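Chain naming follows the written order as A, B and C, and within any one chain the residues start at number 1.
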Amino acid sequence: MTHVYDARGFGRALETVGAWVLGLLWILPLAFAIWTAVHPGEYSTRFVLTAPLTFANFIAAWNAAPFARYFVNTVLLVALILAAQLVLVTLAAYAFARFEFPGRGVLFALVLIQLMVMPDVLIVENYRTMGVLGLKDTILAIGLPYMASAFGIFLLRQTFKSVPKELDEAARMEGCGPLGVLWKVYVPLARPVYLAYALVSVSYHWNNFLWPLIITNSVGSRPVTVGLQVFSATDQGIDWSIINAATLMTTAPLLIAFLLFQRQFVQSFMRAGIR
Amino acid sequence: MFANTVRRMLVALVAALASTIALAQAPVEISFYYPVAVGGPITKLVDGFAADFEKENPGIKVKPIYSGSYQESITKALTAVKSNDAPTLSVLLSTDMFTLIDEDAIVPFDPLIKTPEDQAWLKSFYPAFMENSQTGGKTWGIPFQRSTIVLYYNKEMFKEAGLDPNRGPNDWKEMLAYAEKLTKRDASGKVTQWGVQIPSSGFPYWLFQGLTTENGVQLMNSAGTETYYDKPEVIEAVQYWVDLSRKYKVHPEGIVEWGTTPKDFFEKKMAMMWTTTGNLTNVKANAKFDFGVAMLPANKRRGSPTGGGNFYLFKQASPAQQAAAFRFVKWITAPPRAAQWGIDTGYVAVTPSAWDTPAMKQYVGGFPAAAVARDQLQFAVAELSTHDNQRVTKALNDGLQAALTGTKPADQAMKDAQREADRLLRPYKK
Amino acid sequence: MTRSAQWLYGWLLLLPSMALLALFTHYPAVATLWNSFHSTPKGARPAVYVGIDNYRQLVDDPIFWQSLSNNLWFAIGTIPASIALALLMAVWVNGKVVGRGALRLAYFTPTVLPMIAVANIWLFFYTPEYGLLERVLGAFGFASHNWLGSKSTALACLMVVTIWKEAGFFMIFYLAALQSMSPNLAEAAAIEGASRWHFFRRVTFPLLMPTTLFVLVNAVINAFRIVDHVVVMTRGGPDNATALLLYYIYEIGFRFWDTAYAAVLTIVLLAILGLAALVQFGVLERRVHYQ
């Protein structure tokens, strides 16, 4: 669909060139990492087009640290957080959207605080709390501070508020209790928002680093981001080919998922931002 | 006939009794933190040692836990101590001794050293290594993987520049002269090959100690309660390092990354590099040219700090675990194992008798560079170590980085560092 | 539903969420304040009340001021740039540029990568002599430079990394907003004779204000929250040139174990975030146009 103000002729060509130059610049670092990872060490800094391709770096990286375990940990972590978030956020948003009770405003303000003051900032205290709870160095400890998500509550409350009251009343007439109405009416209607939120949450927690770094101590609970860092922080010589291979390996799942589900990803992030 | 049968039955009975008693004693399990990123060739070596020890000592199980860099390992160890989950042993930096004592995390080895053999064993370590392992008359750490700084150089580049490829520079003047000959520039004046490279990221204080020792000055007292960052000889040493890059332009400018320095060497980006002898095996495997290893150049004297890790015994371990751990430490520092460890990694084998084993003699015969670090031990001094070690060394690190980047003049940087160190050490001077 | 039933349901539904929020957000914030007035417990010595001693130490600490200034420069350097770039990218991808699907992919990919991975890739990129940046610049005849090892360029390098990662993320939100704008507006404006730039400045941009506000909030939070790149690339150096406030808190709290001082630093960080929240929601919200 032509937009009235679309550039034409020379202006358009200029725009295209500009956009492409930026695009190439943007993809350059990643391309460089890929180059280094698939060629042997000697070619990591020489751009000879006929250089032999190799998977040796990936194999070396895989064997050098228990990445399989790290991946399992991360998948468990992300799934655990998401599951808990979906439940908690739904219940809380429902309460805020459809129930009248004293202190509702105050409680909502308290929730909004977490939008600015994330658990990431309160690392010292949360670390101490985990010690008291006896949960240090567990996957649960990584996820617990994030399970009540202010962002999710905010988003879902908007969505629930926009559900027409007639549907609610209709369900009530059929004899549903409040939880039944929630399950039968609100949840199905909010499905696109749930998907959007899920994708945002998974991306965020897959990529989270500082808090997991502090709270985990052993291979059994370490997620893949911390594993990558422990692996690359050696006191003896850095081998770029292997580190880049390891880096690509750890980002591969998200990257592949993104490439396959581009539209959904993009639309989810878009939806998450719309009020 | 009958006597034979009876005898056989008695033997069987005794054997059965003995094995029952053995079974009744459950194996003692000792865990130890080892600082290396998980996986890689070193973990295989350590796993191998653990397995061999278990074979010789069936009542003890050894569990190595790989804990990242030295930095991360001390953090993990202290974290574990605070959550009552400490390991039995840990290999940590020799300089962490005061910190571990202050946090009430470790116990000295002395109560376990009772027999004359044990005492001889304690005396068998190189004295230079014991300096960071003992304080207040007690032995808190046992040397395991120790190192000194050495100068690696590219023999081919030396030949090209008309220098003798069989020895490194003898003193500061020579190192500067060599570096000037070895620094190459292209047509536009851009440097394609640096003369010398001394890394300064992360922990510049260690390499700096090489320079200060050579200039005849110590950076701290042995009790770990005072530092001497602003002594004139120290400032001179800073100035020499700064001048290499800013005045004589034979050394890269700014902060040089520790981790990429060996790779820079392989890529022929410089002719001489200062780094740990622990990188020897790495360099041997990856340098595709003839290289040499030399002691650090002298100024007023030769010198290098020691480096690397000791075994520490944790307070939270039970008496049975402590005894088992002591056996393990004695076993792994015995000459055959110490020699094997030195050969496989490049660290300096910690006792003179380890260097006398046939395996080591053969190795050194074929690869004389391996003995350089050991020969340098007579000139080695303790590594910088004080109470509140991390912060007091950070003050020095920051000062060195300020001087090397030209933000502060050398004397200003060191005076500021000394002021900060004084402030931090005040509570410990009682 | 009866009033009391409403109250009961409301509170019960909220209970698990509020409990977790209280435990991991509200309580720690209050506890941090409490701890900032006490000393650090060490070994067998418990914490004692010290009044505002820790705050005095804060004022006297040059590294604190450095990290604060670093963080503020970092925010100034990354926020406007990434938002502007994001807007530009969104406009381009929304228009009729050839191959915009691929472009959108190129712009957005850095966002899905973990910051740790991004930092490692860029660390290699910035390596003196044989890093990619050096080679590209070298081909143009520029001298070699130690990017991460000089005080003057290290922080700027980290800013570039952050902008690279964030711009694509913000682009998506702008794209959504642009696509939801009715084309009638443009047609009407064209009939009135408005130029392209005029249309953008007077119509498009104001209508994008809600998105800009959302993006701004995110950008500010991220500028103070994300320190992964510092951990990987510079560890705060050279000489604290890249020490950001949260990184300094991490160093003090988990390398030096000085938990009381870390608490004081955290209070400063919380104050900054609180102030940013007030400004954004109080002041800016009023100036936003809604459709």
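Assume a contact is a pair of C-beta atoms (placed from the backbone, for glycine too) under 8 Å apart; a residue touches a chain by one contact, two chains touch by 3 or more.
Quantities reported herein were computed from a predicted structural model and do not represent experimental measurements.
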Checklist entry - How many links in the shortest chain of touching chains run from chain A to chain B? => result 1
Next on the checklist: By mean C-alpha position, what chain is farthest away from chain A?
Outcome noted: B
Checklist outcome for this item: Sorted by contact pairs, first entry is A-C
Item to check | Interchain centroid distance [CA atoms averaged], chain B/chain C, Å | outcome: 39
Item to check | chain A and chain C: spacing of chain centres that average the CA atoms, whole Å | outcome: 16
Checklist entry - Among the residues of chain C, which are close enough to touch at least two other chains? => result 130, 254
Next on the checklist: Touching at least two other chains at once: which residues of chain A meet that condition?
Outcome noted: 45, 232, 240
Item to check | Overlap residues in chain B, where contacts from two or more other chains coincide | outcome: 71, 260, 267
Checklist entry - Where on chain A does chain C make contact in their complex? => result 1-7, 12, 15-16, 18-20, 22-24, 26-30, 32-33, 36, 45, 88-89, 91-92, 94-96, 99-102, 104, 107, 110-111, 113-129, 144-145, 147-148, 150, 153, 178, 203, 206-207, 209-210, 213-214, 225, 228-229, 232, 240, 243-244, 247-248, 250-251, 254-255, 258-259, 262, 265-266, 269-271, 273-275
Next on the checklist: Touching residues of chain C toward chain B in the complex: what are they?
Outcome noted: 42-44, 63, 127-130, 138, 141, 143-144, 146, 148-151, 235, 237-240, 254-258
Checklist outcome for this item: Listed in rising order, the residues of chain C that touch chain A in the complex are 1, 3, 6-7, 9-11, 13-14, 16-21, 23-29, 31-32, 35, 89, 92-93, 95-100, 102-118, 120-122, 124-125, 130-132, 135, 164, 168-169, 172-173, 175-177, 179-180, 183, 186-187, 189-190, 196, 199, 210-211, 214-215, 217, 221, 224-225, 227-228, 231-232, 246, 249-250, 253-254, 259, 262-263, 266, 269-270, 273-274, 276-277
Checklist outcome for this item: Listed in rising order, chain A residues that touch chain B in their complex are 45, 63-66, 131, 136, 217-219, 230-240
Checklist entry - Hey, which residues of chain B end up touching chain A in the complex? => result 35-40, 65, 67-72, 76, 79-80, 82-83, 85, 258-263, 267, 276, 278-279, 282
